[in-house]
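Just below is one structure, and these are the notes that go with it.
As written, the chains take the letters A, B, C and D, and residue 1 is the first residue of each chain.
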Amino acid sequence: MTSINSDLSVKIGTLELKNPVLTASGTFGYGSEFSSLIDINKLGGIVVKGISLRPRAGNPPPRIVETHCGMLNAIGLANIGLENFLKEKLPWLQSLSTAVIVNIYGHSIEEYAAVAAGLKGVEGVSAIEINISCPNVECGGMVFGTDPKTSARVTEAVLKESDKPVIVKLSPNVTDIRAIAISVEKAGAYAISLINTLTGMAIDVEKRVPKLANITGGLSGPAIRPVALYMVYQVVKAVKIPVIGIGGIMNYWDALEFLIAGARAIQVGTANFVEPDVSLDIIEGLKRFCMDREIISIDDIIGTLNEKVDPGGQGTRTN
Amino acid sequence: MIEQESEVIFNKKVADGTFLMGLRSYEISSGAKPGQFVMLRVRQSFDPLLRRPFSICGTREDDIFLILYRLVGRGTTILSHVGEGTKLSVTGPLGKGFDIPKPGRKSLLIAGGIGIAPLIFLARKIKMIDLIFMAGYGSLKEVIDLESAGLKVPDIRIATDDGTLGHKGLVTDLLESYMTMSGNEMFKVFSCGPLHMLKRIAAITINSGAECQVSLEASMACGLGACQSCAVKSSSDQGMVYYHVCRDGPVFPAKSIDWKSI
Amino acid sequence: MTSINSDLSVKIGTLELKNPVLTASGTFGYGSEFSSLIDINKLGGIVVKGISLRPRAGNPPPRIVETHCGMLNAIGLANIGLENFLKEKLPWLQSLSTAVIVNIYGHSIEEYAAVAAGLKGVEGVSAIEINISCPNVECGGMVFGTDPKTSARVTEAVLKESDKPVIVKLSPNVTDIRAIAISVEKAGAYAISLINTLTGMAIDVEKRVPKLANITGGLSGPAIRPVALYMVYQVVKAVKIPVIGIGGIMNYWDALEFLIAGARAIQVGTANFVEPDVSLDIIEGLKRFCMDREIISIDDIIGTLNEKVDPGGQGTRTN
Amino acid sequence: MIEQESEVIFNKKVADGTFLMGLRSYEISSGAKPGQFVMLRVRQSFDPLLRRPFSICGTREDDIFLILYRLVGRGTTILSHVGEGTKLSVTGPLGKGFDIPKPGRKSLLIAGGIGIAPLIFLARKIKMIDLIFMAGYGSLKEVIDLESAGLKVPDIRIATDDGTLGHKGLVTDLLESYMTMSGNEMFKVFSCGPLHMLKRIAAITINSGAECQVSLEASMACGLGACQSCAVKSSSDQGMVYYHVCRDGPVFPAKSIDWKSI
């Protein structure tokens, strides 16, 4: 038995987290929904559902469908809007003793900026996460986050209106994720989080209709983890700002893959649906992992990937 | 509400493609109200990934709650193979249940297929003299013997699509002929079943002015009101455009739903 | 019981297939490897392992790793080279009574063209499938298939040297798959097949090394099906040439999703590893599906997606 | 070679984390040679997705073949819970086996851990008088009683890392001391175990000029020689750079492998 008490705290720029485990936007509501099942204050932080300037009803149902080791969602960014958020949700969030990150989005650069402006000076919001995987109405529906230039412009517009650390959340549906990452870094982002969902689709064979009313949806869950990990790995090498890893993390072992690849924190999304207390299990698991190996700080794991593979290591016949 | 590993006490076939499962949980069986549901993980695996929602079909003194389920896909098939003694992860009780009716007025419980599950639970809370239970099935072999779930209902009326038991036709026919017969007598309707059936029942009851509560189904990911998967359109022009079945329901007054969208 | 004998044959341009089920390149070797387990001639056709001008040894091991509902491979396009292929593999392939499609690739446009030239006039090769998911050495390692212009140039170069129908196989690792599809259509491609693998990665947490010696690999299997289906759906709408659907097809039901979305044929990849006779099961399943519904020809299924979803359809409580 | 659903006849724990499974298949049990393997689907599911390779550890007259497996991950854990009577999809027999040695010369079978599985099968084809069986384990509790797999070997020598049984140290120590003792006597070596152990054995035998066949392990997807997953570098400068363990092996002459790459 070791007596070491490993330190799980991490820093994302000026943002200090008691541990690197956050819950991902859209999968944890406004936090309170899970509060009767888990002690929210044990988390490194929560990222609330994406907030837009005005309330949005979201897409018609069906909005989700399960796929193999994953799910597609087309919630359509349903949310109560900035004003209601500040009035109805913020007070409870302010009572928490963990980081609260507000995920924001807009259908125009101005809308992004306006939401950021509305959060200016607001107590109890630790950081802003910009979801740039939103259809860019000005550019004919292509997504903001698929072009380095518009990604940078959104980032700049938000930064101008914000007094908080700004994290930019990238879409994986791009040819070169590094180009986007470098562009938002140059624009002044504090940190980058990735990945959002991969665009996908499912068809009801019997009825010959899409399974989602919206036709397409975003794929999340363990199915996408290899893609997410690769993108995090690439972005960590391409930028100097901190990176937060997201995508298919189901347990502490998965979380460690992202930390080893260089993510300074991770977000747990779909897994919250599978096991509502999974994030606490992940924190426990990370702690145990470090203590068992006498690792003093989780920092000593982050970015420690050794790229040389031992070919003799593939066997299972250990002596 | 709780999330816990609950032991499967029994898991038996009660009709064609239909199983009754008993799970031990003090918290759920003591806290559950008719119309509430649980989210159940059918096995420790990521394929299938998501929990499956099931109405609570009853509770027993010995800390056991029941679910009655129909085989429709992968999850329910896996569930039907789960052996006694297995522990399954369950979250519940979830959602808002039925308003339990006060004695003295007729309550019509109208079930379509496996939609009978929450109504079996509700029936126990209603005086038998006030209760009329109508149940529609495809065919005789699907008919669930309510006694297998520990319920004895004196006035039970069955409809089957193929006429192999009871009225040949829809369960909504039974409602309509009841209404014709009963004249001006006041009654309440509680219903659960396929959306198209509920839509019909909503139309009939809204028309006649009868109070009607329906238990709805929707694709669910969280069951906690967090993910907004389970949207159903509200009939109100103001405020909330979509209800969330898992938290605002699954039981709704029929008139609060925008049936045109369904 | 119905007495109808549904017709499964489909046409990909001038290429006639007895049914729409092909085996995907790299997952079915040169065909002969499976010949003791299944009757190859029952297949719609086979696509052989990617052939380059000279033999290639491939990447060091480990070359594969399983992921949730998927696998990553970094075979490194190991193959025996054009000359050996013609000498050692072709004679057996020529004895088959099913379509044989040769998948080709190169590290330069010239190499692509040279392989196509080497197949010119060769009997028993029904079509060529160009794998443009190859690192483009001339453009600093970016993949040919991620840029519409280079994709078109490869296509043109191969067409110039070829007397066979030329199918272009697209990489999914792009922002806009339609742009690539339109570009290769304009360049003269007979048909488009998609998707190749999504790039991904996995890390051995205990050793803190990548699980693949090549660090990254291509993700395939049921995990990626929603992404593949969406891309097929998009490309079918964007081009007029036939589209062949690939990605995570494990059974006839999955195959039907792609056919309904508009694919004229499908390829079965990773599933061959899971069940070596899966392609025959798919053919059987398609036949039964059509016969049960009195569908005269599989053509009557292709492209029949109705985009209006019935919201009442999401329930399972059928009366 | 065949792909079929084979019934699990028994599936029992024989040592710490080690199970012996008997499956019924006439084709596999009648056709298998020592060193060959099967690809087995641990359950009808896509997670885990791929088949798992296991050496055939023996065959019986009653059409049963044996596999001896160690719990290392998800697939083998699921396998250990498979009940008798379950049917599992099996492909085999696959690959090239050992060259069965002619009588009259000593055969040293050297196993590391679960690498013992194919050597148990091989041992049955060798005259007991010619046979020396060396087996290395981590600890006593992992030691497999060969009689549980129906084998009686007079000359069996054990090494354990922790010294809880036999020689304290590596099984390669046993080989080295045998060689010191035996002087110039000719012998053949057959080995299976962790790659690092095989590398050591290859070095020793290549040095001494003794013939040595090793059974290798590699990550496999198809098992049929089609996917090229299972590459291992050949020592030859010409021709094939990589062998494919599933088809060119899994048994190779030690000298044909490029041990530097391992």
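General observations
To be clear about the criterion, a residue touches a chain if its C-beta (ideal position, glycine included) is under 8 Å from a C-beta of that chain, and two chains touch if they have at least 3 such contacts.
Since the model is a prediction, treat every value here as computed from it, not as a measurement.
For chain C, the chain with the farthest CA centroid is B. Averaged C-alpha coordinates give centres for chain A and chain B that are 36 Å from one another. Centre-to-centre, using mean CA coordinates, chain A is 45 Å away from chain D. Centres computed as Cα averages put chain A at a distance of 33 Å from chain C. Counting only residues that touch two or more partner chains, chain C has 60-62, 68-70, 222, 311, 313-314. The set of chain D residues that touch two or more partner chains comprises 46-47, 218-219, 261. Because contacts link each chain to all the remaining chains, their graph is best described as complete.
The residues of chain C lying in touch with chain D in their complex are 26-30, 33-34, 36-37, 49, 57-66, 68-71, 73, 75, 78, 221-222, 250, 270, 272-277.
Chain contact summary for the complex, chain D toward chain B: residues 45-47. Of all the residues in chain D, the ones that touch chain C in their complex are 1-3, 41, 46-51, 89, 91, 218-222, 224-233, 241-242, 247, 261. Interface residues of chain C, counted against chain A in their complex, comprise 60-62, 67-70, 72, 142, 146, 173-176, 198-205, 207-213, 215-217, 219, 222-227, 229-230, 233, 248, 253, 256-257, 260-261, 304-311, 313-314. Per the touch definition, chain A reaches chain D in the complex via residues 68-69, 222, 311-319.
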